[in-house]
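I'd like to ask you about the structure that follows.
Chains: A, B and C, in written order; residue numbering restarts at 1 for each.
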Amino acid sequence: MTSDLLRLENVGVRLGGRQILSGVSFTVAPGQFTGLIGPNGAGKTTLLRVILGLTPTTEGRVLLNGSPRTRRGGGLIGYVPQKLAIDQDVPLRARDVVALGIDGHKLGFPLPSAKRKNQVNEALRAVGAESYADARIGELSGGEQQRVLIAHALIGKPNLLLLDEPLANLDLKSEQGIVSVLARLAREQQIAVLISAHDMNPLMRETDTVVYVAAGRAAAGRTGEVIRTEVLSALYGSHVEVLHVHGRILVIAGDEQQEPQAHHPSDTGVVVGLDRN
Amino acid sequence: MFSGLMLNTWIAATIVAVIAGVMGFFAVLRGQSFAAHAIPNGAFAGAAGAGLLGLNVIWGLAVFAVGGALGIGALGRRGRQDVATALMLVLMLGTGALFVSFSTEYAEVTYSLLFGEVYGVGSNVLLPIAGLGAASVLVIAVMFRPLLLASALPEIADARGVSTRRMELCFLIVMALATSMTVPVVGALLMFALMIGPAAAARSFTKQPGHAIALSVGIALATVWIGIAVSYHTNWPLGFFVGVIAAASSSSARAGRRSAATGPRPGRRPRSVPRSYPERARGYSGEPPLVRSGQSPFPSH
Amino acid sequence: MGHFFSYIVEPGLLSSGPVRTALLVGTVVAVTSGVVGVLTVIRGQSFAGHSLADVATTGGAGAFLVGLNQFWGFLIAGVAGAAIMELIGVQRRRGRDVATGVVLGAGLGAAALFLYLGTQTSSTTGASFTILFGSMFVISPDTVPALIASGVLALVVVALLSRVLLLTSLSPELAAARGVPVRAVGIAYLAALAVAVSLSAVVIGAVLSTALLIGPAATSLRVAKRPSMAMLAAALIGTAATWLGILLAYDSYYWPPRGHGWPVSFFVVVLVVVGYLLSYVRRPGRDRRAQVAARAQEEAPTREAGACSPA
């Protein structure tokens, strides 16, 4: 337990009169690759913001390496936003964006040095983005930008990498590429990766650890334990079906005439929180 | 053309161009061309008011310009940035009109504050301009990295602990102070052209941020120098040349880049399946929503 | 009581010819600007609208130079400016901020030139001031029919195309999918905008015309639930600001400094901005909840870097 990198205990967030999240608890161990799965509007982004310290919790607490998360910022966590809506003409190359990851938050302006250049090249190589390192960031495709942003986050040597829906606008091939890169990084550099998505299938090749968020509540554990009809129905508060079709998992809203089952996830005996040791 | 009085003009214009080049790079990067247009107009009101009250013009300029900047920042947070900027702009201009109307030479004062009075710059004005210019460039140099991060990658900046809100206010205030000094020299309306045109042209020529700032300053310098030289011989107002040269340089730079872009992209190994240039840049879902984080393009009801 | 009333409404207000002209033309301007302004704000083109106004300055200055009535100068420059902006792509969101600014800079530069040349050749003083800040009380009666006609024309165009204009403003992609000629409609909108801006430029000046275009529209959009209601509200708010502005400007002849009067445009601008700020006072709680809820629901926070703030 104390070796947990990230630990959420009964986290609740109430904003503008709405309970966005309640009773969310899970842990992430170092080097663990976890999917944060859930439909749009379920609270995934809010959860990421809570971990980043951008949104305060109304209940519960967030522990990073055992100590409560107080201020935002800090070098432990790397963040990759979903997409950059950036103009084609912006005078920033991919390598400039990555270089900003080293010291973009410090005052002053960067003096060119061989060390920085090497660091940047290394990060670009790690994500497979060397071939377009000198292209303008605004001219890259979605997948290429995604890799550059990952390199940017990586270069700060984080322990935890958070990605907000990185696969949302990608074609299949780019999707697979990104997931492979992330999984390799998690393995080789012992960086924990938490990647939010509304479809868990692209991630299933590399991991079987999920935190499923629906209706502001979460269930965490192995896919076999969490992605089950009873568990998800309890989360959603209404009947949903979990289907396994050709090796893919589908979560489908069930019969609407059925009465909503307002069970707490723990009622069904699911392990909330993950004990990897 | 390089005699005593004109020397002051050259010096003043050079300082203004350097300020404009640096500020303009960030204004264009942040998509705040409108604010770059609005804030010097606040300086206009301040100059008019200070002149009216017989106060040192510097105070009027600074107070109004900074006030306008803060107003844009504050209103823009609550509502829509573009509406806030537009309304602050006309409020400051209208107030300026009021002050100017009280003086007997309102037409001349209007003209000189809006379009500049770069000839006959007294030596006593040079020092404050140089001082404030140096100070603002220094502040930008110190803020360079977090400002670049907050301007180009705002979502990441917030996550890294760089407050985009603070950067925004900082930038607007520095721009206000820097441009307030230049308004009596090149005029409120033309300071804007000098900020936006060269910066827009620069980004078409280079991909690197450091080079882009340097080029922005360089093009701004060339603009004012050519402008002063031609204006000296034709007696036509400097503002005309600045506006036209700025427009010409940025348009031709853009046109040049568009036509060059149909060739192979530099810095990339050629792909086996080439994709067309505009298609690549748009990403996969077509035009992304163009919205500052937290703001809707449509007014909230 | 009568004494108090006559203090607010100075004697001779309504019997004064210029004031009556001002009220009439001001109303037409306010209504046209308000209605077109709603579209402008919805499309997020406040900067383009303002730039067009500044480009109109060039026309006004040019008209002054050649001795034409200012309105025609504003109008010609407005239409030309709108055409150039359309060509450059002001209605596409990417990179238009800078393109708009660049056209604006060139236009203002030309205005500087025309004003300079004009003051060299003509003996009229104060031309810069009236072109930039308006001449509500000195509208020549022969131009009044032209002013009213253009305003009505613009309003008719907007009324006829209202549904299509709203659709393309709210969602160009949806409109294109429905077979609406988005480009042509955009051009019609820009033409109406040029007219609205030119009219406004006559009464409160080119650089201030944005106040009547954006202010009442932005205010009404915060309050009204449907765009058509917003247009009505914007017209009303603009008219109220204009009338009150005329009233106060007339009164101000008796304020210090005596005998001079404060510019009408100043009052109109201040009233418009005050109106906008008042719309925030109405329901701050709702604003905050909406803001917070919007932030909480942000699944994909996006921002344009390097192109426009929504403008």
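As a convention for this text, a residue touches a chain if its C-beta (ideal position, glycine included) is under 8 Å from a C-beta of that chain, and two chains touch if they have at least 3 such contacts.
Here the structure is a predicted model, which means the values were calculated and not measured.
Engineer: Quick one: name the chains whose C-beta contact count is the highest of any pair.
Structural biologist: Per chain pair, the contact count peaks at B-C.
Engineer: What is the chain whose Cα centroid lies farthest from the Cα centroid of chain C?
Structural biologist: A
Engineer: Calculate how many whole Å lie between the centre of chain B and the centre of chain C, each centre taken as the average of the chain's C-alpha atoms.
Structural biologist: It comes to 23 Å between the two C-alpha centres.
Engineer: Please report how many Å separate the Cα centroid of chain A from that of chain C, as a whole number.
Structural biologist: Taking the mean C-alpha position of each chain, the two centres sit 47 Å apart.
Engineer: Find the geometric centre of each of chain A and chain B from their Cα atoms only, then give the gap between the two centres in Å, rounded to an integer.
Structural biologist: Spacing between the chain centres: roughly 38 Å.
Engineer: At which residue positions does chain C touch at least two other chains?
Structural biologist: In chain C, the residues touching two or more other chains are 94, 290, 295, 298, 301-307.
Engineer: Mind pulling the chain B residues that touch 2 or more other chains?
Structural biologist: 29, 31, 152-153, 155, 203, 288-291
Engineer: Among the residues of chain A, pick out those that touch two or more other chains and give their numbers.
Structural biologist: Residue numbers touching two or more other chains: 81, 83-90, 138.
Engineer: For a test of understanding, state which residues of chain A touch chain B in their complex under the given definition.
Structural biologist: Residue list for chain A touching chain B: 52, 54, 71-74, 77, 79, 81, 83-93, 96-97, 100, 103-110, 131-142, 149, 152-153, 169-171.
Engineer: Which of the residues in chain C end up touching chain B in this complex?
Structural biologist: 41-42, 44, 46-47, 49-50, 54, 93-94, 97-98, 100-110, 112-113, 115-117, 119, 125-129, 132-133, 170, 173, 205, 207-208, 210-211, 214-215, 218, 221-225, 257, 260, 262-263, 265-266, 268-270, 272-273, 276, 280, 287, 290-291, 294-295, 298, 301-311
Engineer: Where on chain B is chain C touching in the complex?
Structural biologist: Answer in residue numbers: 28-37, 78-83, 85-87, 89-91, 93-95, 97-98, 100-102, 106-108, 110-111, 114-115, 151-155, 187, 189-190, 192-193, 196-197, 200, 203, 236-237, 239-244, 246-248, 250-251, 286-301.
Engineer: Inside the complex, what are the residues of chain B that reach chain A?
Structural biologist: Chain B reaches chain A through residues 29, 31, 141-146, 148-149, 152-153, 155-162, 202-204, 206-212, 254, 257, 265-269, 275, 277, 280-281, 283-285, 288-291.
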